[in-house]
Each structure stands twice: as structure tokens, then as C-alpha cells.
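Okay, got some structures for you below.
Both complexes shown next keep chain A, but they swap its partner, so chain B is in the first and chain C is in the second.
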Partner chain A sequence: MPDRRLFFLAGAALLCIVAFMTIGLRGNIGFVLALRAMKLAALLQVSVAIAVSTVIFQTVTNNRILTPSIMGLDALYLFGQMLLVFLLGGLGYAALDAQLKFGGEIVVLMALATGLLLPTLRRRADMGLMLLAGIIFGILFRSLHSLLARLVDPNDFAVVQGASFANFNDVRTDLLAFASVLTIAGIVIAWRTRHVLDVIALGADTATGLGISWSRTVTGLLLLVSALVAVSTALVGPVAFFGLLVVALAERLVDTRRHAVLLPAAMLTAVIILVGGQALFQHALGSSSTLGVVIEFVGGLAFLVLLVFGSRK
Partner chain B sequence: MIRIENVSLRHGKTQILHDISLTIAKGGITALVGPNGAGKSSLLSLIARLQPLQAGRISVDGFPVDTTPNRDLARILAILRQDSIVTSRLRVRELVGFGRFPHGRGRLTPADYAIIDQSLRQFDLTDLADRFLETLSGGQRQRSLVAMAFAQETDYLLLDEPLNNLDMYFARELMRSLRRIADENGKTIVIVLHDINQAGAHADRIVAMKSGRIVADGAPSDLLTPKTLQAIFGFEMQVETVDDMPVVLHFR
Partner chain C sequence: MSIAAAKQSSKTGWIAGLMLAILFVSSLCVGVGDMPVTLLFSDGQVLELLLVSRLPRTLAAILTGAGLAIAGLIMQTLARNRYVEPATAGTAQSAELGILLVTLLFPATSLLFKSLAASAAALLGTSLFLMTAHRLPPTQPFLVPLFGLVYGGVIGAAVTFVAWQADLLQYLSVWTNGDFSGVLRGRYELLWLGALMVVVAWIVADRLTIMALGRDASIGLGLDYARMLQLGLIIVSVISALSVVVVGMIPFVGLVVPNIVSRLMGDNMRGTLPFVAASGAILVLGCDILGRLIRYPYEIPVGTVMGCVGGLIFLWLLFRRPSHV
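Showing the complex of A and B:
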């Protein structure tokens, strides 16, 4: 039965993609299509990266409310950007080779995220503690970010500011090729570990009893999550509640937590919301910058609903 | 054979296990008994490599638990922890199916399905197989977890207080099932029990622990005497013999 629902989701996702490519075509069609294809590629990557990273993160932390961004992972990424500008200056930052910088950032983010999150996970902390730790991490990095923002030159600040807000309209197409390698690798790894993820969801002791090397597997998964967060944050900027919204919706649609079904369902749901929403707002309604706001608003509501009415833990 | 040599464990300043050495031969049921905080569960989780060994050596069938790849161990030894909480939304059959994970890494063959069905039958779960775990009572969930450990088809089965949450009927059924799989399938079962009479009725050997040390070890008929029991639990209790079986009147 979930297969039929997946089929339906795939159809809807395809429709959204077609709508995104065709609604409101004007002028030089070839040029517009090429431009839209680039943007589509970026949006697809962001959808997939956020969906996969959120599903894996929720499974590893064993809850339905945390997402990498609620734990402050993208705040960490932005702080890294600011630190670079602070150290190199706006010109030096702009002069950095984009792909080299991106590669370096991913490595640093992976190292920091694992270093910070592993000890928390190792203590098998309960949800409240995890949530609290995440919020504090997030505040810490955001405060450090704004501290540095006050210290740099206003011109330099303008350089970082562009990277600090979610913007689905102005995606970084120059990083597309590099990012797509990571995203595809991420999908392949996630798919291959789908059965392992099912076992991980049973908790550390049971998973160990079933032959999973817990620390090693969880470290690997967290590295994957941080790489995917870096991809989406680099391409469009931070989105706090999108992952939560997507996974909560997908889980209700397919009514299972089995990763063989949930992973594709979450990816497709993300594509439907992001590409479909962008098609609606940008091409049909012509108000291009609102999608980010709408997604965060609905996602925030979903977060509150999950928090208040329980997440069917 | 499970061989435990000079194992000690401390958490911070508290010494949980003091230099424990114990050999459990292959086959039969060994019950670990003792008052709360005696270190029974800690010892069990050390054997099942759920905690890192701090001092000493443990091997199962000659495989040291700290250096043998986890995957290989999962085919030799299964563990059921006290209050394992499963938060995934799963049906009973799916949960029991996870017991096959060490063998096929998640891919289930017809042979696996046969084993899952047999395991469900063994623990009286066939009627509940398609129910979600969260709709079950504590005892039914406990039986599902035992069935999962059984489906792992390991020679060694470690169970930490599996009778928790079970009513008298299912406690008896579970102990009888364990007795049967020990006798018929030649499994080695190590079980932490609080009900001394269940241990007396079903175990081949009782190992009693107190404050991180082994204080008594032997067949139920040798161990269940007022004197030994007082040494273990710290209070006097009457022991009667009914049908050649010692019955401890610990509740009086």
C-alpha cells in the first residue's frame, strides 16, 4: 500500500516540476528554460538534502521534533562564513575560489558537528535535554555570528548578509556541480543504509545486540547529515522548519517509519513543497520572495503542533 | 561456553563489580539472582558488549566480546535488556523480523519468514502479529521482544528480567518456552530473575550475586536453603519442599 502512495507522490512531484518549468514562459524561451533548469536543479538538491538529513537525524536522535537546523547546524555554518569574512575581509572572502571554499566549509562543518553532537548523543540524553542543548548551540553560534558582524566593516557585512537568509529565488548556481556530487552520494549512502537505519531506530542497546557498531555507525551518519546540511545551506541559506514539516507530512502520508518507504516519501514531499511552492509564488503569483516566509510559517506551526499534541513517539 | 575472567566495573567512584570470574557451560538455563543493585544487569550487559569492558576478559564460545566484530557476535549471542523501549511505529511481526537482521542485513528470505512465524508461534503472538506495538500491553510487548531475540537464532540468549510486566500465566508460559528451547534446541540461556521460585522451578543452575560479588552458585536444590538465602538477601525465609522442589516462602 505505501508503494501506491509513493507512486502518487512521485506523480505529484513530477507535476510540480513541469509546472515550475512551464508556467508563465515569456521572451527567449531557450534562455528562460536553461535558467529555470539550473534553478530547478538547485531546488531539487535542496529538497533532497534537507529531507534525507532530517530523516536520518531524527532516527539517530530517536525523536520526531529535532532537525539538524533546530540543533543549530546551519547557524554553525553561517558562523563559519562570518568568521572567514572577519579573518580575510570582504574582498578576500569574495576572492576565494567558491568551490574550494565550499569544500573546506563542508569538512569543517562535519568535524565540528560531529565533535559537538556525539558527546550529547553518547549520553543517551532525553529529548528535553537534546532540544535544550540544540537551542543553546543555536543561540551560541548566532550570537557569535552577530558579535563578529558588529566587528567587521559594513561593506564586508553586506557580503555575508546575502548568505544569511533563506532565499529560494537567488540560488548559488556556481556551486551546483560540486553540490550535486555530494547530494547524489548522500542519496546513495542513505538508500544503502536503509535497513541499518531501521535497526538504529530501535535504540542503542537493541541495535548493538543486533550487530550494529553503534558509535561508528552513528558517527558516519552524523557526518553525512552535516554534509547535506552544508549543501542546502550553501545553496539557499538556512531554513529552520522545512525539514521538520516535510518529514512530519511524509510520515503521516505513508504511515510508516520504515526507511525504505520514508526516505523516498520525504524526498518527494520536499520536492512537491519546494518546487511546487516556487512555481506557484514565483511564476504564477509573481511574488518571488515569499516562499521562504510561508514555508517557515507553516513549518513553525507544524513544530508547535508536534510539540503540543505529541509526536506519536 | 561463556567464560568470564576477573571482570571488574566501576562507574565513577562506585565499584559495581568486584573481580568476577564465572564459567557458564553450553546448554541449559542459568539464573542470576540477587538483591537490587547487586550488579546482575551490569554483568549481563558486559557479556553482551553493551558496555565497554574496563578490566578482565569475557569470551563467548572462544570469541572475546571486546574484539570480535559486532556483526559476528550478533549471530552467536542475543540480548534482551530490561525495559527496552521501542519507540518506532512497528507491527509485532516487523519487530520480530529485526531478529533476522544479523543474518541478512535486512533482506528477508522465505527461510527468514518461516523462522519469524515459528518465533511468533513459540511465544503465542500469532494473533497479535499485525498489531502495532503501541497498542499492546506491557506484557505483550515484552513477549514480542523475547520473540525477537529468539528469532535471532543464536546459541546464547541473555535475558534481563524478562518476567517484568508479565502476569502469572505468561510468566509461566515464558519460562516453559525457555525451558523447551533449552532442552530441544540446545540453547544456552542466562536469565536475570527476581522471582526466586521461578528460578528454582526452571533453572539448572543459580548464580547469586550481592554487592558486585558472586556469593553462591549451584543447583537450585543446593542453593535454595534458608541459610544461603539469608546470606544473599539478608533476611530469614522459610523453604518448604513440594514434589521434590524447593519452594521459598519469601513473602511471609
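Showing the complex of A and C:
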């Protein structure tokens, strides 16, 4: 009964949210609550954006171990940001309107991601080859990023420095309003296309045979994925294995690949891990910046297990 | 080896030697300090600059490059997969973990002891990788490097976590990002041990070539497969650990150099081993010189330059049309 499981997941997510808001409240309660609500909104968006983008990406590429960040999409985003600083200078970059800049970055990422990924998808290259190429792209963009970081002025570097590491404590609340519009639009589009996604999951040939315009749909979906990746990377920075961990867990929990169930399940799982983990680490244990590393570690292990045992079936 | 092939290889040998010599001399001349050649023997300070800083740095780059390229070649033989190397199979990360733990537990130990600990950890990590990698289905060759990259990433996350808890994060970057700018006389000599390992590899080159045929075939040809596997693991671990300890991790050298040499000259290691070593040295030294020049008089670490150059070469290797199908 997937529906009852969804109900439980929703309850657990709600519990995590309440815990995040209430544990260790001290001092001026109204101020603390307002501050935490802002952070909560950002964390919720990041969870949803990562979960939805990973589910769609795995469906489109027809592979359970691919995620946008494994394919180097967030490294690409950071590189684009650094390139802007390099070209405009720190002052010019800082003078740009934050929301306009964010919009511009998203458009650039969308163009680059579809430009790089669509040809590979269309050629239906070997999936292992694509994965490897994606990881190498990730390393390449990270290296280019640090190369540019050494070339720019130290003052300019400070402008983008904070963005290069995943940080769940110090989220960019100034982009929140603009990002929420994107996230909500993403959820709506993903939910409306849930049945189309089920068909796409059957593979390019079958989907075409069933009357889906494959390349047009896939292009649209990739654009959506890039926008969601940009949202999460802009808000907290790159998180490599979080999406993989979340979707793998959600799939085990609801035991189906049907998107009408999997999409909400993945979103709820992401919320539970991220908000619950942050509540635990930040408010209960008081050592907040380790959550990113712990997620990397556990997510990486999950990936290895999937790779070794998943491929032996 | 046929006469034509021998001629070809001696010509390639001349070119490689010439390039290495040119890079060697330019590396001696490039740097912030002024070093007029005319004053070399009359001015003690100039000579000292050469002997204390430039020469050790150049030698360190050559030794590291040659060592890492050979380590990559042997790693590819052991895993029977063209797309692995020490930096992408958890070897370098395990070495980091080893040196980090030793630094935490016995802060006062010598560099030699730290290198030993790093080598031991690298050996452990690489053995675990090879054991698991052999369980992956051989029909999908790209799964092995993928597994290695994530395996290295998981160990790297553990290293970051331990370093973060112990407030050693800044210290850590010394080992994670390869950089020759700190190399001075007295600080790089451990790398000669790596050169010794290269010599060992040269001695057993024929047996390594046979190993590349696989376990059953090489046992059938009378090779003590288990012993050779251990020897290969030790060579790879020691070279990687030494380069992590002395200069830090440099990605892609062990990956791109053996692949390119194998494309040009085939897989007989008795013939290709010197070229792999020389090309590795050329690549690393070239990238180091480039890093010194891009933002003169400041420096860009060789690990970063190599990440860009090596990444591009590797993508080209992946997507080029197969030359013989």
C-alpha cells in the first residue's frame, strides 16, 4: 500500500520540521522563529529541487545511478559563476542585481547542460561511458574553477568563495523568493508530467512508439532539471550524493518506480534527511557544518552498494 | 620487435629525450628569483638558488611524473582496465588517511615514518579496491573507474571529517592538492625511493606484460600470479604514498600517459616502460612550468593545472573514434 507509506513519510517529515523549529529555542523567540522559518524554507526548497531533479534525470537517462551532480552539473554552475567574476571583475559582479544575476546563471546553465547532454543522450552512448565522462567533466570544471579562482583578485575571490562548498547553515536567503517561484513551478510541471515520465521510463523507442515526441519532451525535462539544480546549488552549494541517496531510499520505501508515488516519496525523504539531519546536528548536537560531510559519506557508500550489488542481478 | 618498429621506437626515444632536456633546462631558468647564467659560477648566491631550489624542484617534478605514470600503468595492468589510476582508485585518498591518522596519533614522527604509514594505508585501500573491482561484471568496463572514483570520494569524505574534527583542514590541503612550490633541497629526497620502485617495475616488466593477459593465462604461462599481484600493489602504493607525502596528489598523470603511449607503441612493457616514465615526467614538468608562468610571479599549483590539461586529454581519449575496430 504505497499510499499509506506516503502518509507515514509525510508524518515523519512534519515531525522533522517541527523538531527543526522547536529544539533548543532560547532568547527572543519571535526573532529565532522568523530566522529558522527562513532557513526552513530554503532547506525545503533544496530538498524538493534535488529530489525532483534526480528522479527526472534518472528516468530520462534510464539509469538508477546517475544524478545531475554526478554528471557535473553543479560544478558547471560554479564554474559559470566564477567565469562571470573573472570577466566582469568582483565589483562589476557584485553590482549586478542578485536576482537578475541568478536568472542569468540559470539560463547559462540550462543552455550548457542541454548542449552537452542532449547529443550524448541522442547518440544513446554506452551509459558507463557517459557516467565516466560526466565525472571527468565535473573534475575538469572544478579544476577550471580553482584555476580561475587563482587568477582573480583576492577581493573578487571573496565574492564567490562561500559558494564553492555545501553549507546548510548559511543559506542564501536573499534569493529565496525568486527560487521559490522556480521550485514551485518545477513541482507543478513534474507533477503534471508524471504519466509522461512513466512512459519515458520505458525507453526512447517504446516511448516514441507510444506517441511521445521523445527529443522534445526530453529537452524540456533536461531544462527543468538544470533549473532545479541551479536552485539548490545557488542556495546551499554542491551536494554530490544527496540526490542519489534520497531517490534510492525512497524507491526502497515505496517499492515502485511509478512517478505519481515516487515523486512525492522522494521529496518527503529528502525533507526528512535534510531538515531532520539539520535539526539533529545543528540544534541537538551543536556541530552543524558536519551534515554535508556525513551526507557525502553515507551517500557515497550507498552508491557503491548500488553499483556492486545492483549490477550483479 | 621488427626493424621498422625498433627504428620508430628509437626515433620516439630521441624526441622524448630532447623534450625532457628542453623542459629540464627551462624549469631551471623559470622562477621569481633572478638567475643570470653568466654569474652562475662567479656568484655564490646564484649557484645556491640553483642547487637549493630550482634543481630539487625540477627533479621532484620529473621523479613524481615518472613514478605516477608507472604507477598508473601497473594499476591498469592489475585491474585489467584502461581507465583506472592511483588517484581514482582510492590509493591516494587512503594514503592521505594514513598520514592524517599518523599525524594525529604520533605528531612528532619523522617524514620517513609518515611515508611508511601512508604506504601501508595505500596498500590496504588499493587491495580492497581491487578485490571489489573484480566482482564487477567484466562486460561493462566503465563501471570499474566509476566505482574507483566514488570509492576514493568516500575515503576522501572520511579524511575531511577526521581533519575537520581535529582542526587540520588547512593542513590537509598540502596533501590533497599537488604543488611543487614548497620543494627545497632536503625536502624531496624521499622521492628517490619512488625511482627505485620504477627500477623494480623495469626489472619485472616482462612478467607485468604477461599479467596483462589475465589470471588464468598468466598462471598457464608459469607466472606466480599472486606474488606478482602483491609486488605490483606494493609498487603502486609506495609511489602514490610518497608523492602524496612529498608534493600532494596530482590527478590524471597515471591515467592519460599510459593510454597515449599504449596507443602509439602497443603494450609490450619492456619497450614502453621508459617512454611511459619519460612522458609522465614531461607532462608533470610541463604543467609545473605552465603553472609558474600563467600568473607570473605568483604560482598555480600543478594539481590544478593538471586537472584542466589532463581532464581535456582524458575526455579526448574517451570520445575519440576507436583507431582499430
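Following the convention adopted for this analysis, the second predicted complex is superposed on the first by the 310 of 313 C-alpha atoms of A that agree within 3 Å, B and C clash if a C-alpha of one lies under 4 Å from a C-alpha of the other, contacts with A are read in each partner's own complex, and residues count from 1 in each chain.
The definition used in the following text is that a residue touches a chain if its C-beta (ideal position, glycine included) is under 8 Å from a C-beta of that chain, and two chains touch if they have at least 3 such contacts.
As the structure is a computational prediction, the values presented were derived from the model and not from experiment.
Engineer: Thinking of the overlay built on chain A, is A:62 touched by chain B (first), by chain C (second), by both, or by neither?
Structural biologist: first
Engineer: Please indicate which partner A:135 is in contact with in the superposed arrangement: first for chain B, second for chain C, both, or neither.
Structural biologist: The answer is second: A:135 touches chain C but not chain B.
Engineer: Kindly classify A:199 by the partners it touches after superposition: chain B alone (first), chain C alone (second), both, or neither?
Structural biologist: After superposing on A, A:199 lies in contact with chain B but is clear of chain C.
Engineer: Tell me which partner A:45 touches in the superposition: chain B (first), chain C (second), both or neither.
Structural biologist: Neither partner.
Engineer: Taking the superposition on A as described, I'd like to know which of chain B and chain C A:54 touches: first, second, both or neither.
Structural biologist: A:54 sits against neither chain B nor chain C.
Engineer: In the overlaid three-chain picture, which partner chain does A:143 touch, first (chain B) or second (chain C), both, or neither?
Structural biologist: Second partner only, chain C.
Engineer: One more residue to check, A:209. First (chain B), second (chain C), both or neither?
Structural biologist: So A:209 only meets chain B here.
Engineer: Using the touch criterion from the header, give the chain among chain B and chain C with more contacted residues in chain A.
Structural biologist: C
Engineer: Can you list the residues of chain A that touch chain B in one structure and chain C in the other?
Structural biologist: 312
Engineer: Along chain A, where are the residues that touch chain C in the complex?
Structural biologist: Of all residues in chain A, those touching chain C are 126-129, 131-133, 135-137, 139-140, 142-144, 146-147, 150-151, 240-241, 289-290, 293-294, 296-297, 300-301, 303-304, 307-308, 311-312.
Engineer: Note which residues of chain B are touching chain A in the complex, please.
Structural biologist: 45, 48-50, 69-75, 78-81, 84-90, 94, 98-99, 101-102, 105-107, 134, 149, 152
Engineer: In the complex formed with chain B, which residues of chain A make contact?
Structural biologist: 62, 194-196, 198-199, 201-203, 205-206, 208-213, 255-258, 312-313
Engineer: Tell me, which parts of chain C touch chain A in their complex?
Structural biologist: Of all residues in chain C, those touching chain A are 83, 132, 135-137, 140-143, 145-147, 149-151, 153-154, 157-158, 160-161, 164, 251, 294-295, 298, 300, 304-308, 311-312, 314-315, 318-319.
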